[in-house]
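First chain written, first letter: the chains are A, B and C, and each begins at residue 1.
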Amino acid sequence: MKKNLRGSIGMAVAVLGLSASAVVPALAATAPTYTIDSTMVNDLTIKAANAPTADITMGGSSFVSNLLTPALAHYKAINTEKSVAAYDGTQGSTNGRKKVTGAATPALNVGFSDFPLENSGSDTFTYTVGSGLASNFAQLPVALGGVAITYNVPALNSSALQKLLAKNPLTLTGAQVGKIFAQKITKWNDASICATNKTLTVKVKVGNKTVTQCALPNETIHVVSRTAGSGTTYMFKDYLSKVDATDFASADSAVFAKTTGIDIPTVGNSAAMATQIDALDNSIGYVEYGFAAVTPGVNVASIVNASGVAVQPNATTVAAAAAAKTGFAMDTLAHRSLNNLTGKTVYPITGYSYAILLKEQSNRNNGITAVKVLDYLTHQGGAGTAGRPFTKAGTFGQDYAAVTGYVALPKSIQTLARNILLTVKDSNNAVLLNTSN
Amino acid sequence: MPMDQSTTSTNAAGDLSNVSSSPKFNLAARGDGRYNIAMRIGQALLAIFIIVFFGSIIIQSIPGWQSAGFGFFTSTDWSNADFKFGALSLIAGTLVTTFIALLFAVPVGISAALSIQFLLHRRLRVLFSSLVEVLAIVPSIVFGVWGVAVISPWTQHTLEPFLRDISGGAPPFQGEIYGIGLLLGGLVLGVMILPTVVAVSRDAFAMVPQTLIEGAYGLGATRTQVLFRVALPAARRGVLGAVTLGTGRALGETVAMATILGGVTNKFPSSAFDLGATLASTIARDFLEATGSQVGALGSLALILTVIVFVVNYIARKIITRQAVTL
Amino acid sequence: MTTMTSNMPETDSRLDLQQLMRQKYRRRVIVGNVILAFVMAALVVALIPLLSIVISVIDRGSKVLSTAFLTQVQQDPFAFDPYAIGGIWNAIVGSLVMDGIAIGAAIPLGIFSGVILSDAKGKIGTTIHRIFDVMIGLPSILFGLFVFFVLLGPVFNNAYSGMAGVIALTLMSIPLIAVATESAISAVPPTLNEAGLALGALPSRVMWNIKLPAARPAILTGVLLALSRAVGETAPVLFVIGQSREANWNPAAEQSSLPTLTFQYLQGFFPSQREAAWGIALILMTVVFLVNLTSRIISARSQRG
């Protein structure tokens, strides 16, 4: 009898032990821990021995140009050794992704793109280390921005109507925006648009009576699109796929295709979009929120968000959207998307722009510079956020956000960015982001 | 610059190449052997330059033909980002805008050149020709933005509705009015090539022998007859050269057209009011984001453009030669 | 000239004949004057868009001009300081360096090519001549594409370089100068050539000492035309020189140029950049206008002399 009990207890212990040895590492794999060096918060410098032989290159999306250019200039001023070249925003998001991939010496050290690498479409790659995108590339959010809907309706330019619009800007629901850009709603005085803008009325003489009617004219809506490959289009179409799934199946950066007899002109960037909207009567288009913030005379529509509140894009509403996102992760579009979140002050067309670099940096010094610069770019130093923070020590990249037409990354995203940077290693598997480097 | 060149085989004065075949004059040819060798080498170098230049255009275009096949010419579906390569709408857009540009620039330009050369006081000629040539030095992007910001409101509110009304909506003047589009593109292009047409035509008119003109006046011709029946025919080779140069510029304009035409690459134009695109403007627009076979497709567009320029020049030269023979 | 139609009845008196002739003459004159009015009107029509653009450029461009604008390098403005665009010195230097080297190289190469063209006979020679004529009118973007495809990889290692722009501009200018040289040479009076040959000079001497000096004013006109074209062109250099914000006197470095900066700024993010673009256009147009005027005066003077 004692023998049997001892045997069964021994069996039980063995089984427990075996299963524990399987379960515990599995648990550990799903919750990686990183040792975050707490002194890294104030680390801006690169040790002389680790400086690259030539400035490292960063380029790609134009969306982030206005943030990166002053931020990188400040970083270079601190590091009198070689560090980073001026940001090249002329290449576009597509080149930003393509030029980072490939062998040990990519054409760009860090690429910037409004949408991250996907293993599909024009982004299919063969990998050298491990399998799957995530094993080979570190992709992290670096800038937070939004898309503003801009329009030009000459009939609304009378001073009386301008006064009304100043109090209650032209408002569109998400579904209406979708239908407009799919050319299903074709006239400005469509019943649904007039219904959303009940205060926008004029008094018109019909026969002998004076009638109050919708101020929006009976004119065809001219949609203007960006050229193919635009990250702004991508962010916008992701939103449209959520509010008007029948017309927009998924997010992409293709031009808006026409579905009626009305052609859709394409323009190269936000400035060209503004010029075109200005010159074309009854037109509607979309620009980066930062552009609308710095350009006077751009009419921006209010969009009804998922909580039913009509909001204008501004720093507060865009930040609210970023804050409202739970469970952000880089792996899928659904996890990355900030569009159409619920919250009273949330602006519904919002998103991040990303930086991409190889996880295995064959050139150690280039790698150290790249991760340090990206760490600098994705954090706020907290030293002097009002006025001109640039000359103060401890100014980090995101301190420039508010003054360049962007919104600073939320703290959780800043930490996430650092976590991702900690996975970038050299060919000897040593982590590059380190205060001792 | 006058485009005359001898297409017959008579030698220019001072040319000794025929002479050297005669034994008596071998001395001269032999004595300048180095010069002749230098000329032969020079010709070879120029030939190499031409072959390398145009050869590279052909080679770069091959990936485009391979991926799209003959559909390149017959399909109107061009979308570089989606790897669709039907260039028909681009070819049509190029031809339409160039045609409209010539419709404006040829009558206005030749008449302006006639005015400057024959109707203005001698002292005013330099001033007015310099004025017209100021148009030649305006950067193309300025034309593009000026076209969209300043002129498209006029075409949108005035010109295009007017054309639609007087033609009753007949084919070239139908459809939606955007202000920008092929018509505005053609007009701005016409303004851009105007200085070339005026300057080169004026040079051609300046070279008409004074005796011819005075003789015509002496026979009792009116001013108009002198201009159109004496000066213009006498200068027609130079004038045709002017038009050819202008056409070449119109065919190849990139930046201004990229801004003004609206960049619609997937439909065959059915109206002058339509949006569209040209070969050159599409190359400029799609180039920075193109990779792999997309670059090859743009190379194919470059090849088509080059071929069109050569064809235009060939036609112009044939017209000149035919006129010379019948004269 | 119009011929008189001979449909006069035999029995007309001399007075009727004179009346008929006067009528026909008057009609010719009136029609002629109407056509003349149209012809002069064409000059006016040609000048209207000119006025519109020049007024726009001067009006918008003069607002941004200042010594600081010309002497400082380009800066990037921020949202709270949107007018801190600095100046255009980097583009001025870039244009000076690239255009200077390009024309400097294109002049001897172009003149040499022109001499070769004038000597070229036979099928091959004529073909080369004809192709060069076509190359003058070839779209400038093709030269930029050539440099990008053929040279940027092997020679420049895929890096932006001012020298790539120089090569594109040089290649673009050579046919222009060559054809101008060739027509100037063939326009030299044959008596001069024959006199030289009769004195026993070799053809190379005739070329160097007689034809070229006689053709010099026309060659100069061609050179100035090529220069003004090179200064104002965006397309050949747009893809290959980059967008440097520093004033690099070293031509091999990344460069900026006046037309490419105008292109960049006209689509710039900040309104201050878009306004500055008109200022650059104004400077560009003034410089090229002066170059053109100089060439006009030189050629007018040489025709008189």
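Everything that follows uses one rule, which is that contacts are C-beta pairs under 8 Å (C-beta built on N, C-alpha and C of every residue); 3 or more make two chains touch, one makes a residue touch a chain.
The model shown is predicted, which means the values in this text are computed figures rather than measured ones.
Between the chains B-C lie more C-beta contact pairs than between any other two chains. When chain centres are defined as mean Cα coordinates, A lies farthest from chain B. Here the spacing of chain A and chain B, counted between their Cα centres, is 45 Å.
Separating the CA-averaged centres of chain B and chain C is a span of 14 Å.
Within chain A, contacts with two or more other chains are made by residues 90, 268, 272. Of all residues in chain B, those touching 2 or more other chains are 145, 288, listed in ascending order. Residue positions of chain C touching 2 or more other chains: 266. Only residues 1-5, 7, 11-17, 28, 31-32, 34-35, 38-39, 42-43, 46-47, 50, 52-53, 56-57, 60, 107-109, 111-112, 114-116, 119, 126, 128-146, 150-151, 191, 194, 198, 216, 219-225, 227-229, 244-245, 247-249, 251-255, 280, 283-284, 287-288, 299, 302, 305-306, 309-310, 313, 317 of chain B touch chain C when the two sit together in their complex.
By the touch criterion stated above, chain C contacts chain A in their complex at residues 76, 78-80, 82, 158, 242-243, 245, 266-271, 274. If you check the complex, the residues on chain B that touch chain A are 79-82, 145, 148-149, 152-153, 156, 175-176, 178-180, 258-259, 262-264, 267, 274-275, 285, 288-289, 291.
The part of chain A that touches chain C in the complex is made up of residues 65-66, 69-70, 73, 86, 88, 90, 107, 268-272, 290-291, 293-296, 400, 403-405.
Those residues of chain C that touch chain B in the complex are listed here as 1-2, 28-29, 31-33, 35-36, 38-40, 42-43, 45-47, 49-50, 52-54, 56-57, 112-113, 115-121, 124-126, 128-134, 136-142, 145-146, 149-150, 171, 179-180, 183, 186, 190, 193-194, 196-197, 202-204, 206-207, 211, 222, 228, 232, 234-235, 238-239, 259, 262-263, 266, 277-278, 281, 284-285, 288-289, 292-293, 296-297, 300.
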